[in-house]
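Below are structures written as structure tokens.
Each of the next two complexes has subunit A plus one more chain, namely subunit B in the first and subunit C in the second.
Let's turn to the complex of A and B:
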């Protein structure tokens, strides 16, 4: 069953700024959707429009087949977790969680039961009488989630909830959020700028760029078949090597002297891409091209090698490769590489669409 | 910076003690003077140690008419002062909270204009607008009433400004979280805003109470009925004796009584007051 539908939803501010041109999205019940994009891409605005904190100036938002455009946030049956948690500083953890229920006229015994259930689930039982000021970042985060869960809403909205936590806690909370969401089966809309978070959490990802949905799909779809160079560079870390090139009769012409063979009807300017992990080291005879090493990042389990494409024309094109295990090539030495055709991504330079 | 220089410590402490003595001496002299008979002051020297007429003086001050044309006792006038001071304080706080709430959290046309209009009244304290204000109050038939004593002093740009700044510092996410939690304007005001500004309200209470208690000119002008005389304005009246001796002992006792409530308020609310000035709970 389709739970949330965004139909041609757009936002223009009174000053004429076109924040979101148009977004279409339908979310199945229980689905975990992540909105991801660089800062300023409109992902938070879109989330706040679903929440009712920003007005929708175009299109229609429906939750369970009910038009929500003009409903107050409280009437939409959604719950939101904010980046800075937005806990009420003068209320105890218990009251923070109970406040929304109290305002909705839920009975006292009911509230107690619901809060204690959620507190149990999140391990907050011992903290119920504390105030937010006495909690650590992770605990506050949990309370913020508890406040959302206790109401048992139709939709959860998360606005970069993990960005205030340290790296280790972030990984832990990420897993916890995923497990909780699976257990509760509540439809979730989650905003983040962190592509790792996006990839690990999402059932489906929406990559936003300048208020437009560049691509919507499962994490693996986006990784394997990015629709545009933007998605290609955004998903995956380190990001995909994207080189401007020309598609000519013989193949892809990276420079005057470097042509990778490919048969394709299309001719003209393209963007050629390959992920750092798909480049393979080989010997000189079989290699497609050579890389002049500029910097090496050893991460233990893998090594990132930054270099420039060795090219007679003198143009410098940087490239990253990712090798598993430790490697220690000399700076300024040459590495011979194969770029397997099946891992190529070719985009039209003008339309920015995948070929 | 920690320095250990005995000489400097000594000078520092000496200065502090000198300051304390300077401030406390007049209070001490008032207290001493209130224990001497009225005749003790005619001879031209000021007593520095307690006399033997203390009980008598204080009894007459607290229970008898203040004299010199004032038919009510000092106790009664203290009550009047208290009613006026509290009326002004609560009135100011209530109206400033509401106007700041409107200015910060509601979108209506000329919102900023309204704020600046309120802000401009900072330049118009009672003393400046006393004649027109008197006329308005007189036309409304509010002379000799507590409404007349308090109402014209209630509008406060300072308090509105303070609450506005205080509300502006509340993160917008908190407001949004409350909206999602289904808190309407009233609930938000009482459940979130008031508790968060509690310390600011306390700090303002102290300042405004002293302001209200010390009102002199306004009560002097609009009260002609003994039933509404306030303490601070009456001290002056007790002093202006046309013939005969000024009863310094009783006047000193009265001034001490006039000092007590502000001192009590400051001491009683000191903790909250300081918290309101330095604390950032949000």
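Let's turn to the complex of A and C:
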């Protein structure tokens, strides 16, 4: 069953700024949707429109087939976790979690039961009588989640809930959020600018660019078949190598002397892309091209090699390759590479669409 | 972080003007009053006699003194509570204004620049029973206004005159306090199903409590000690004793009644009250709950 539908939803702020031109999205019940994109692309705006904290200036939002545009946040049966957690500083953890239930007229014994269940689930039982000021960042984050969970809403909304945590805790909470969401089966809309978080959490990802949904799909869809160079560079770390090229009769012409064979009807400017992990080291006879090593980053399990693709015309293009295990090529040495055709991504340079 | 000065003398030099002002305008008169409080002086100031605690004993056996205390309490709490409530209401409204915000705020700050005595005169004119526009309007509404005869009305008048001036000050602090409440808390409460009123009383107001407490003490101190001008310009403590608050009584007994010993003893009591209030203030501010 479709749970949340955004139809041609757009936002123009009172100052005239057109933050979101138009977004269409339908979210299935229990689905975990991640909105991802660079800073300022409108992620928070979109989430806040779903929450009812910003007015919807265009299009329609429906939750369980009910039009929500003009409903107050409280009437939408959603719960939100804020980036700064927004815990009520003068209330205990218990009261923070109970507040929404009290306001909705839930009975005292019911509240006690619900709060203690959720506190149990999140390991907050010991902390119920503390105030937010007496908690660590990770504990506050849990309380914020608990406050969202006790009400058992139709939809969870998260706005970068992990960005204030340190790297290790972030990974741990990320896994925990995913597990809790699976267990509760609550439809979730989650905003982040961290692509690893996005990839690991999402059932489906929405990549936003300047207020437009560039692509919507499963993490693997977006990884395997990015629709635009923007998505291609945004998903995956390190980013995909993207090189300007020309599609000619013989194939992809990267430079005057370097043409990778391909038969395709399209002619003209393209962007040719290949992920760092898909370039293979080879020998001089079989290689497609050579890379002059400029820098090596050893991460233990893998090695990132940054280099330049040189040709006779002297044009230099930077490339990154990612090899598993330790490698120690010398700076300025040449590495011979194969770029397997099945891993190519070719986009039209003008329309930016995948060919 | 503390900044340390290389020489020992410089800090004292920098403090000197402040210390001088304090010495000349506070410590010296205070010492004089303290001394005076133990003497009985004749009406012409020609001779005086050490009487020990007699002045204080007289004071604390005088029913008029207790009446004045009660009047002061009624007056001070009325001024503090009205002044703060109105200021809070205005601040909540100003917090929502988007256009013309600065003009509105500036207008609200002006009364604070008016001297207490002038504020008194202003309201005295407005409420003058025979020609004051407000008094005339009240009469046309069927309410006889004469604060020269009616003690209750006189009290209302001094409370209005004293409150009016203080609203600006309270307003500034409340507005700053409101603007410091994070928006996301209000939004979280809205999602949690609290309407505007409930949000105010369960989230915003509790978060303002340090400001509220600070203002309560400031306003009480103001009403206790800083309202001489207002009273003098409007009712002169009358009719009868109905607006004769403690500070005014000090003046009246000393300079009108020429009982300098009693007046000095009253000053000493007032100073003790200021001292206690200041201590309470600092205690609470130090212990103030820190919300992060």
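In the analysis below, the second predicted complex is superposed on the first by the 355 of 355 C-alpha atoms of A that agree within 3 Å, B and C clash if a C-alpha of one lies under 4 Å from a C-alpha of the other, contacts with A are read in each partner's own complex, and residues count from 1 in each chain.
Here is the rule we go by: contacts are C-beta pairs under 8 Å (C-beta built on N, C-alpha and C of every residue); 3 or more make two chains touch, one makes a residue touch a chain.
For clarity, every value in this text was computed on a predicted model and none was experimentally measured.
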Subunit A as common anchor, with subunit B and subunit C clashing or fitting: clash
Partner chain in contact with A:263 - subunit B first, subunit C second, else both or neither: neither
First (subunit B), second (subunit C), both or neither touched by A:324: neither
Contacts of A:109 with subunit B and subunit C, given as first, second, both or neither: neither
Touching partner for A:86 - first (subunit B), second (subunit C), both, neither: both
Contacts of A:285 with subunit B and subunit C, given as first, second, both or neither: neither
Which of subunit B and subunit C A:351 touches, first, second, both or neither: neither
Shared subunit A surface residues [contacts with subunit B and with subunit C]: 51-53, 72-74, 78-80, 82, 84, 86-90, 99-100, 103-104, 133, 147
Touching residues (chain side subunit A, partner subunit C) in the complex: 51-53, 72-74, 78-80, 82, 84, 86-90, 99-100, 103-104, 132-133, 147, 151
For the subunit A and subunit B complex, residues of the former touching the latter: 51-53, 72-74, 78-80, 82-84, 86-91, 99-100, 103-104, 133, 147
Interfacial residue positions of subunit B with respect to subunit A in the complex: 171, 173-174, 176-183, 187, 191-192, 195-196, 198, 281-282
Contacting residues of subunit C [partner subunit A, same complex]: 182, 184-185, 187-194, 198, 202-203, 206-207, 209, 289-292
